[in-house]
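Paired with chain B in one complex and with chain C in the other, chain A is shared by the two complexes that follow.
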Partner chain A sequence: MQAQEPRTLCTTCGAPLGAAIDCFATLGWPRRLAIDRAALERTYHELGRRMHPDRFVAAAPALRDASLRGTARLTQAYRTLGDPVSRGLYWLELHGRKLADNNKEVSPALAEMVFAVQEQLDDLRTVRSVARGGEAETPAGAAETAAIEAEMRTEVEERREELRGAIDAAGRELEANFADWDKAAAESPDGPHEAGGASAPGADARFAELKAILSKIAYLRTLIRDIDRALETAQAA
Partner chain B sequence: MAYSEKVIEHYTNPRNVGSFAKGEDNVGTGIVGAPECGDVMKLQLKINPANGVIEDAKFKTFGCGSAIASSSYVTELVKGKHVDEAMAIKNTAIVQELNLPPVKIHCSVLAEDAIKAAITDWRKHQEPAVESADAVPARTAQEG
Partner chain C sequence: MRAARDSPGNSPRPQLKLSELEFNGIGILMSRIFGIDLGTTNSLIAVSDGGQPRVIADPASGAALLPSVVALAPDGATYVGDEAIALEPQLSVERDGRLSAAELPGGAQGAVIRSVKRYMGRGGAELEEADRRRYTFTEMAGGVARFKVGDRDYTPPQISAAILRALKRRAEAALGGETVDRVVITVPAYFNDGQRQATKDAGRLAGLEVVRLVNEPTAASLAYGLGAQAEGRVAVYDFGGGTFDISILNIKGGIFEVLATNGDTHLGGDDIDRAVAETLLAGLPEATRADRRVWNSARQAAEQAKQGLSTASTAELRLALPGREIVRNLTRAELEQSAAPLIDRTIACCARALADAGLKAAEIDAVVLVGGSTRMPLVGRRVSEFFGRDALCSIDPDQVVALGAAVQAGVLMGTQGDLLLLDVVPLSLGIETMGGVMERVVHRNTTIPTSVAEGFTTAVDNQTHVDIHVLQGERELAQDCRSLARFKLGPIAPQPAGLPRIEVTFLIDANGILNVTARDQRTGREHSVDVKPSYGLTDDAIEQMLEESIDLGEQDIEQRLLIAACNDADQIAAALGKQLRDYGALVEAGERDRIEEVAGRLAAARLGADRELIARLVEELNEITTPFAGRIMDGAIKQALEKKSINEVS
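== the complex of A and B ==
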């Protein structure tokens, strides 16, 4: 018989316990990283119903409190594990690792991309300020500047598509990394591991890979944010 | 968040923005990023191979005001310094100079790491002569 795990609901009476437990335990799940969206929804709604504060308005204060805390935790677990990127970040946190530790290097390919895009945005801003500055003396000149600006915008928009594609690809890498963790947990030498593959062989390599993927996504997202901003101001100006 | 006066000063009037020409000799390039926020910094140092003194510095930073100010400040700070001296620059010096609040510490760490990465890169290209002259292996990464 296994030792009693910390739980969200009392196994005897079903009352919310409001215990401070991790996101996986909150859902009553083992630490597996491949998460089925539909199953997550189901568990979230089911547990949410069972400890809904409305059901405990007349209950003892401690129970009411537990229902509130439990519900807050549940929502947090649902959000954290529902999004693969935040799930990955949470996995690091859960194991006392930080994304930024020993992780300042940007791969040359990614760096090149960042600088190329940022230069494009600089150019766009320059052309725009020329266009808005009314420096063109003739209507023909103004039309030409506008045409150049439109062309640049299109190029930047194309870049954004490309970057979105890169994020999608990184998302698939993330899924593959999650699958590696789960596989390690399932094949763990001391039997399938409730706590995930963190203590199974190769964990360091999996952590390093996870960090690399998450960092790449962070740089790509920042780039897309900068593109969005540049295009927006272009629109608003 | 309110930026300190010095940050605003560097931010609105950044020193040494740009890059050295591609094939230029004796230039070390450091590119580092902060994965927490996705900001990226490039720092280039022009170093005299005869005496290891940093003669010029340029940067390009796509990031927050503090990261831009930090990199602008370090380009001024490292000029005229020996690489070993520059290698020893700590982010705390940047924090102090620019009055950075705790949430912006990582921006200054980025600048410190950029210096180290640039010097490391330069050393890599300085074939055996200088390499063997200094016994201390270059650090590429830094506990952040």
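== the complex of A and C ==
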């Protein structure tokens, strides 16, 4: 038995897709992609204060249950919309354009970066296994290996900083894409509603751009995670 | 052990008449909620009086701490705390780790169990060599670990229940007979689902309603944050007798929001004592070291020396060996050398928690030290170094968790002002997929309560059941994660493979405990979910233990169940009465009549002795009031949003 793919439910907030309850509605928030995080947090806290199970300890079971499920939905919705990346992924899912797990939309520059990082990590592993294997015949040789390993570690750490910078840049692209959506929605003849935005001219291009940015971020995050693991293993050894 | 005077089963409750009058007027007299710190080494009970928490000391001895030590006499009698410690010398160690208790009534075997918290939620298969050196366990494959004492065996929740009952008696005696039957119990933040469930089970076995489990570092932050109008990011470093937790919180406007938590539920002062004991015994022959008496003597000597070294720079150690005694000095430097690797592990946890919170050490506004093990000067130094600031320890580190539990109890009673705790789930939760891979459903450090729905279907034609294996942990392979439970969904009507659509909702409640419900997506019908906990007790097992327990044994089981059903009826009636009063505008035409009609039948049933009828009517009342509850919740949401928009404008 296995979990079925593709799911018909929102994997981020758990609501069945297309159902009346969505993350925006749960937070009483307009369907806009540019979100003031502090304002969203205030709303979330205000709702939490009134809905939380702590407030319904003496209530009848049905109300206690409604409070628990309502709060569970609320925290999920806040987490989904609070983070720009998960918000973007949710937007795709909401329109039936979920980012596939094995997406192949990788720019040549990104592909090159992936190869370069993997090569660096391979080199690090090799030199480490030499250092730990005690293959060096002289103390001087061992010291040289250790020096090379230290240098490689530094290079990998620098690479990690570079990748973090790339994620920040992608985050800014994401904000720009969100602004485009909101502008289109505001100008839509159907009124400032997401339905207008999603069907307005240029929606396909915006979806494609959103996908590309999110997929880039996913790759960059994976690379950073790989680096973290490689450096941690080095520490442990 | 004295028989408990009161437990919810037989406590005299105010007799309620379930009439329309009741529905329009008087609410139920709810008992107060108490806060309990069920610690590895010591346990405490506290209460909040007029918003001010205080620990309830033993009225006879004046002691605030109750040692978490339980002695089990051969005749089945149970002794807790100092009484248990006093009995320890009378239980002499025989071969194979058995304790002879010739001087106690019953004359066969007894045991003294310390640090039972380490065994909560543990499976028999998860016991280690060191555990077996310390205690005798029943030889059972899988299932819950059970201590073997003579012909009897005891699960860890049963031992913990003895401690809880002792705290209950202490508080009731100190408060002139006030009933203690509703409690908040604290648990290590890093406790997994099984350990949390075991703690709740212990409460139930002690005849207590566990209203909420609260994470220890979070409770401590409540005690510190109270009244101080605290705002900012706080790191709570909680190093106790047996567990370590680090929680990073953001406190703002009375909301205590946990950003990340990390820890180790088998890392505490006990481990430092052990490490020191190992070095003390290092030079001795293997046969001497394997002697349990020698080991215990070394462990106790190490513990005393450690405590002395918190203030002095050298301590004298007396080590009892067969036929002789070794006296030597231990310096603080030596102690610190033994403890350093363990403290390093706590610092590594701190680094992981910070990373998960997305913060740097410099972004933390305050660091709080909790737990007895933080009295070691080295701990304070290392923590201050890591966070780059002095750590706070102005509230007694042994009492702060219990005080925080009392504050949370006050919050739940509505007497503690406008505080709200938002905690997280410490470990990721997932399901085993094809190929033995763990697929994460809920990530660690997700705010609770939370729910996630997953779609399932069948793999072969006419499959009637779907099995789901739920895991907890951070590793990628199912076999490396901890098995939580296996759920069986069904029966499913025979259909071709892949056609049935079952939506399974994984809900983690405010206690951090998983609840699973399943619904057929086509018919909308609820599916039954058969839960088989991997290392926990089933409801039936607990019920059986309750029936066998000495406290309640004298009472007729049927009678007890009837009283419990009546209590449920009283509670739902009172709560509904209040709801109808408070939210009268949300009741739809005819709805009040329907509710009062069922309530009337329940009131009539309540006077009889048919507990199944009472239970059925409670369930019916619950069902027909569900839409009303939904409207109340919608109203609360609407009000909150309106308040927000007013604030935004002004």
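Please note the rule applied: the second predicted complex is superposed on the first by the 205 of 237 C-alpha atoms of A that agree within 3 Å, B and C clash if a C-alpha of one lies under 4 Å from a C-alpha of the other, contacts with A are read in each partner's own complex, and residues count from 1 in each chain.
Criterion: a contact is a pair of C-beta atoms (placed from the backbone, for glycine too) under 8 Å apart; a residue touches a chain by one contact, two chains touch by 3 or more.
Just so it is clear, the structure is predicted and the values come from calculations on it, not from any experiment.
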Dominant contact partner of chain A by residue count, chain C or chain B: C
Chain B versus chain C as contact partner of A:63, first or second or both or neither: second
First (chain B), second (chain C), both or neither touched by A:223: first
First, second, both or neither for A:28, with chain B first and chain C second: second
Touching partner for A:71 - first (chain B), second (chain C), both, neither: second
Partner chain(s) touched by A:45 [first = chain B, second = chain C, both, neither]: second
Intersection of the chain A residues that touch chain B with those that touch chain C: none
Chain C partner contacts - residues on chain A that touch it in the complex: 1-4, 7-9, 11, 14-16, 28, 39, 42-43, 45-55, 57-63, 65-73, 75-76, 78-79
Interfacial residue positions of chain C with respect to chain A in the complex: 30, 33, 211-212, 252-253, 255, 411-414, 418, 420-422, 431, 433-434, 439, 446-459, 466-468, 498, 501, 503, 505, 507-510, 521, 571-572, 575-576, 578-579, 621-623, 625-626, 628-630, 632-633, 636-637, 639-641, 643-644, 647-648
Of all residues in chain B, those that touch chain A in their complex: 31-40, 42, 60, 62, 106, 109-110, 113, 117, 140-144
Touch list for chain A against partner chain B, complex: 98-106, 108, 111, 114-115, 118, 211, 214-215, 218-223, 225-226
